[in-house]
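Every chain is named by a letter (A, B, C and D) in the order it is written, and numbering of its residues begins at 1.
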Amino acid sequence: MASGIRKIINDPVYGFITLDHPLVFKVIAHPWYQRLRRIHQMAFAQLVYPGAVHTRLHHSLGAYHLMCNALHELKNKGVVITPEEEVAAKIAILLHDVGHGPYSHALENKLLKGIHHETISIRIMEILNNELDGALTLAIEIFTNKYHKPFLHQLISGQLDVDRMDYLTRDSFFTGVSEGVIGYDRILKMLTVQNDELMVEEKAIYSIEKFLVSRRLMYWQVYLHKTVLCAEKMLVKIIERAQELITRGITVRSTSPVFDFFLQNHHTVTSIEAHLEQFCLLDDYDVLATIKNWMFHEDRVLAKLCDCLVTRRLLKVKLTATPVNPAWMEEQRNRICREMQIEERDCHYFLFSGVAENTTYDPREERINILFKDGTAKDISKVDNALIHQALASPVKKYYICYLN
Amino acid sequence: MASGIRKIINDPVYGFITLDHPLVFKVIAHPWYQRLRRIHQMAFAQLVYPGAVHTRLHHSLGAYHLMCNALHELKNKGVVITPEEEVAAKIAILLHDVGHGPYSHALENKLLKGIHHETISIRIMEILNNELDGALTLAIEIFTNKYHKPFLHQLISGQLDVDRMDYLTRDSFFTGVSEGVIGYDRILKMLTVQNDELMVEEKAIYSIEKFLVSRRLMYWQVYLHKTVLCAEKMLVKIIERAQELITRGITVRSTSPVFDFFLQNHHTVTSIEAHLEQFCLLDDYDVLATIKNWMFHEDRVLAKLCDCLVTRRLLKVKLTATPVNPAWMEEQRNRICREMQIEERDCHYFLFSGVAENTTYDPREERINILFKDGTAKDISKVDNALIHQALASPVKKYYICYLN
Amino acid sequence: MASGIRKIINDPVYGFITLDHPLVFKVIAHPWYQRLRRIHQMAFAQLVYPGAVHTRLHHSLGAYHLMCNALHELKNKGVVITPEEEVAAKIAILLHDVGHGPYSHALENKLLKGIHHETISIRIMEILNNELDGALTLAIEIFTNKYHKPFLHQLISGQLDVDRMDYLTRDSFFTGVSEGVIGYDRILKMLTVQNDELMVEEKAIYSIEKFLVSRRLMYWQVYLHKTVLCAEKMLVKIIERAQELITRGITVRSTSPVFDFFLQNHHTVTSIEAHLEQFCLLDDYDVLATIKNWMFHEDRVLAKLCDCLVTRRLLKVKLTATPVNPAWMEEQRNRICREMQIEERDCHYFLFSGVAENTTYDPREERINILFKDGTAKDISKVDNALIHQALASPVKKYYICYLN
Amino acid sequence: MASGIRKIINDPVYGFITLDHPLVFKVIAHPWYQRLRRIHQMAFAQLVYPGAVHTRLHHSLGAYHLMCNALHELKNKGVVITPEEEVAAKIAILLHDVGHGPYSHALENKLLKGIHHETISIRIMEILNNELDGALTLAIEIFTNKYHKPFLHQLISGQLDVDRMDYLTRDSFFTGVSEGVIGYDRILKMLTVQNDELMVEEKAIYSIEKFLVSRRLMYWQVYLHKTVLCAEKMLVKIIERAQELITRGITVRSTSPVFDFFLQNHHTVTSIEAHLEQFCLLDDYDVLATIKNWMFHEDRVLAKLCDCLVTRRLLKVKLTATPVNPAWMEEQRNRICREMQIEERDCHYFLFSGVAENTTYDPREERINILFKDGTAKDISKVDNALIHQALASPVKKYYICYLN
């Protein structure tokens, strides 16, 4: 990023990202935004896809870029968007993920019980808004869907928002799973607004189908890849074990003071209010550096789990179409307790099962409006000869089991 | 990576990387190799190029892939390469960077005085060789250029080795500096061997020129980008300050035991022999987690430097064609001491200058042999109408100065 | 193409295509194969997608490249394929489209009544086989599915053959409709053979779904694009008009003797046998050069149609979900007869309607075998949670009407 | 191209090209512009690079796209460009090649003696300007460099014009010679204007170097590829032979009336004025269809040359660093006369030599202004540590000889 009135950032996905507003510069330069450099977008996916090491900062810059393009296209089509709304929408997308903590898919409910990252994003925006004398007020209204032009919110958080358009594109790109590529540029060109609601033109139907099928593929091939799933669950088990030991009065410290704070007080911290400063210091480095130290902890369960995760000698995973046979589970349990010399109550750290599920498109919950030339609108699942049919509305479930081999 | 006799890894750069030998699997699965996942290939380049977060593990897999292709092409041309030599060359390139520590470009001489990463790579290979009952003996011979077919070594470390072909390609790709792209695939197809020396066919001349010009561009646009340079130098200053404080008897601890060990003993550890185990636990996470903690250290110099680096509020940098005016330096020195309320002897942490230099092609040190159809060979700088001329043999120097603004 | 024992051809789609067998060189060098340079793969698609000017020669080289890759993967999995079978399969795919004439999608039934291009391909192969002393015998057996390893034929002509893998990939590439891109490389890596039948491994399911959805998109967005459709139908009308005039005894000559031969004798030529030499001289240049001349023919219907096509002032087209209202048709008919001053019996040249249809996947006719780990095989439409469901088996129909405006 | 107020064209090189002005639509829809669909951009390069079949129409649309981007960037930097100038510059680039005839690199001096394609382009623009009531007046002023803002002309025809930026990019893309790729997007972002002259910012120096090196590579690897050169020269020989026979009174007709007109009157037609309508009907189809017919001409020299070109059984070519040995030439001449049974005066059709030359950068003729931060400007060859040095100013010459083998 060169200094000046316009900054250009090289992006392997889109070529160049242009920043051209002082408020955008201020937000990006803020340490709380810069923290996103130290949080991987895809957590442990890199254990399977070595290129998937891009950061949440990179994703949010990418989503910002697509927002710029989307607003540009809509204005060209005659949709009224004021300069203030434009900046606000750009700021809102830049900050949409700022409340994410490290490995948040796994840890969201572990470190800060019951607090969703979106709540934290909003709280951070409010504080920045104070620092910046109210300059973010409109951005917050749009982000929280209180603004009278819902399509601006839908661009940030909807079925065709620039958030998922960027992450599907970017995640495909960095994993090298080229099949996940979506025609984001064509979809953006086909966006339109009717009655302040975001729609897509009729001729984008096949692109939208392709978008949903790509998402389906990315879920099963990448996000819910059994090895990625396993690593994530192992991290959860590690934190659970640490918290269990702490509860039992055994010393387990993180070398990062802020991470340590959330660990030691995991029973009592249930609101972000008093702890935002600390939260905004947390990142992947605290978690992984700590886990590396715990490889040598005296608790054998904790040490073993940490060692397995750090050295990528993960638990074995099986995916099945039906729940796992309890007898087989019992057999494994006995073997593991014996081999690891642990008690049965601790065996669940090395043997656990669960369900991965994903819905391709649920018209009861989702809504992608196709605007026809005659002015009528229909959901994508209702158009003639729809690929996206009723049967895809119910979630696909796959059962997984992880176990020490 | 699926299990089985062949594993396929998705790579955004080359599509797929295929692993198909048990020894390759063993090396890759080793914790010391897996450690490379936690070391960024381009250190702080991501502060300017947000996509440049790929790892040394990814690079070494990429170089391995190019090695496979190079050997395949040479064999097709009738060059005799035995299956044993083939595996050995692949193992050697996989491990060529295994001795790199975190941020090694900056820290190579700071943590382990006078020990080059290549020395450590060799030591690691030797130990793995013991663990694997001598299976790496040939790989080590090739890596250390003791094998009687020098072209195998030249593929790993030479002017047209697969190491730099991969890193130029990969670094271009992840930074998004598409101009750095080289025609690696065409160069590989034009490789040949004469008298056991690696050469390129005559018709690759323009591709080689392009390769050298791309390298020149990557150096000035990326590797020696003033902001990247500054961040690197700031890291050096941070470690220097920590070591100075330790020497003075002031407590400065790293929360990572292994990093702490090298810090506290920086005067005495001058050989890798006794400390290899510890070294092989070190990675970027130790360094950055520690620096994050030092943001709150009581020493104001250390804390300030760490804060600036972590929050990306870097020192200001100027690049100039001539050395900096001493009077201007003096003026800055006074201002900084005054504003920071520090003594003059500490001012060098916030005000320092140096020289960045790069040579496009020095025929005295480098040698790219072009093999002509008539069987003669010439260095690329000696062919008719050479773009790569004498004037490019002397290094280009740029003076930089970094200062707290 | 350099001469020598291996030739490398640059291909923007795959990078490099390698030719390495004398028989392959001979076939490619043959004038009948070289003729494919002068036949566009996508006929009039370039009127909408200006990049879609690639040739049938380029497509067949691409399919050959994918065949090489497919055979390489299968052999690596232990499928027995002899060197003779390998060359034969490569030759068969190289020649699979050699029987195509110019604009064959439009003209297949117009110039050579009732003769399918595949029939001509086989006849050409037989003659080449004679010229080459039987070297193509095995290739012909595979092409005509008489060989005892059906999977080799299925690679050339089946649901997952390299023909359609290349044309979908290549047509996407050259049109710039990036959404049509399929993961051909992943599908190739997942191919397998059971009981001599071609199958795909279970983990390719999502890639296959994506392949079918891409094909669906390419049909509606490109192959059946209304403007492309219209241009094609206009060409048919031009030839019909010329033949009608000839039948009526009015002179209509093509400046190309071979094209002229097929035109003047369109009633009598019903077998390729006696006319193969002439057919193998026909290409797009004959047709388009002729049509350019007919722009000045005295018959106003013929001249007008040719002028419209050459200058891209095409008939207007409408696509509708239901057949066109006859009253509206009648109204247009009257207007056109009046404006063009033509008789009603000639009006059909400037006003015509039809149906475009495409089936996404019809399990009654198609079969893509998924091989599960337990050794069982199922059609893609029968696997759990299939995207490719029953409803997609019936063709989607769109009604079009073309009329002079 | 969809109808409406904005049209979007898919382009494999840039993604989408947007047309958004009525005058642009009118120009593109004109039959004289549409004719460019039928002229290949790279003539016979497709004999070596099968993908290189893109058209002059596609190139001019691409150059138009880059012009849009360039103007957008310059306006963002505060360069004053009025809406009228903007449209005019776009029209001028759209039409910059409209005066090209078929295979014009080869035929420019053969069909219309002494008339340069640029002269024809201007004449066509003038006529269109009349048809469009003077709407192209400003475009013509810019094209002919009579407008008082030279930078607009320099964008069309200068050292860094969008014409060569597109053709280098597009030709690299379609040939698959990826090394020819230039960083057109970065160069465009670095363009600037000082005193109404086009300049590039200092930080683009390495990109400009890369651009010149890529151009050098494209010349030797593609444009002057020996096989491409040979095919082009063979076409010249064919036309020469046809004209010689006509002069001798032997009947040689083209089946295309317009092509025939220029052939039969090649001695007398020396001005475009009276023949523009005819010229604007000429394209590659006339030439190649004619040559296909001449394969069967009774003149054995003409027939042989045409047969060789059409079936790609080209003359053999040698490239050498020094002129060809006369004795060797004599020997070949004798052999060819004997084998072909032709007289010596006709032998030059099957045996000829020449010189191919290209200059990397000649600062005496070219000028790429680098604008430094201090406001001074220097030619690229004069900056410190220039790669583009004096030695590259003299043309590289390669001698070629083509002969029937």
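A few notes on this one:
Note that in this section contacts are C-beta pairs under 8 Å (C-beta built on N, C-alpha and C of every residue); 3 or more make two chains touch, one makes a residue touch a chain.
Note that the structure is a prediction, hence the values are computed from the model and not measured.
More than half of the contact pairs of A-C, counted by residue number, reappear in one of A-D, B-D or A-B; that pair is B-D.
Counting C-beta pairs in contact, the pair that comes out ahead of the other among B-D and C-D is C-D. Taking each chain's centre as the mean of its C-alpha atoms, subunit B lies 50 Å from subunit C. Mean C-alpha positions place subunit B and subunit D at a centre distance of 43 Å. Inter-chain centre distance (subunit C to subunit D, centres taken as mean C-alpha positions): 31 Å.
For subunit D, residues touching at least two other chains, in rising order: 15-16, 178, 186.
The touching residues of subunit D, counted against subunit A in their complex, run 2, 6, 8, 15-16, 76, 185-186, 189, 203.
Listed in rising order, the residues of subunit D touching subunit B in the complex are 178-179, 181-183, 186, 206-207, 209-210, 213-214, 216-217, 220-221, 321, 360, 384-385, 387, 389, 391-392, 396.
By the touch rule above, subunit C contacts subunit D in their complex via residues 1, 9-13, 15-16, 29, 31, 34, 37-38, 46-51, 53-55, 57-58, 61, 173-178, 227, 255-257, 281, 283, 285-286, 288-289, 292-293, 296, 310-313.
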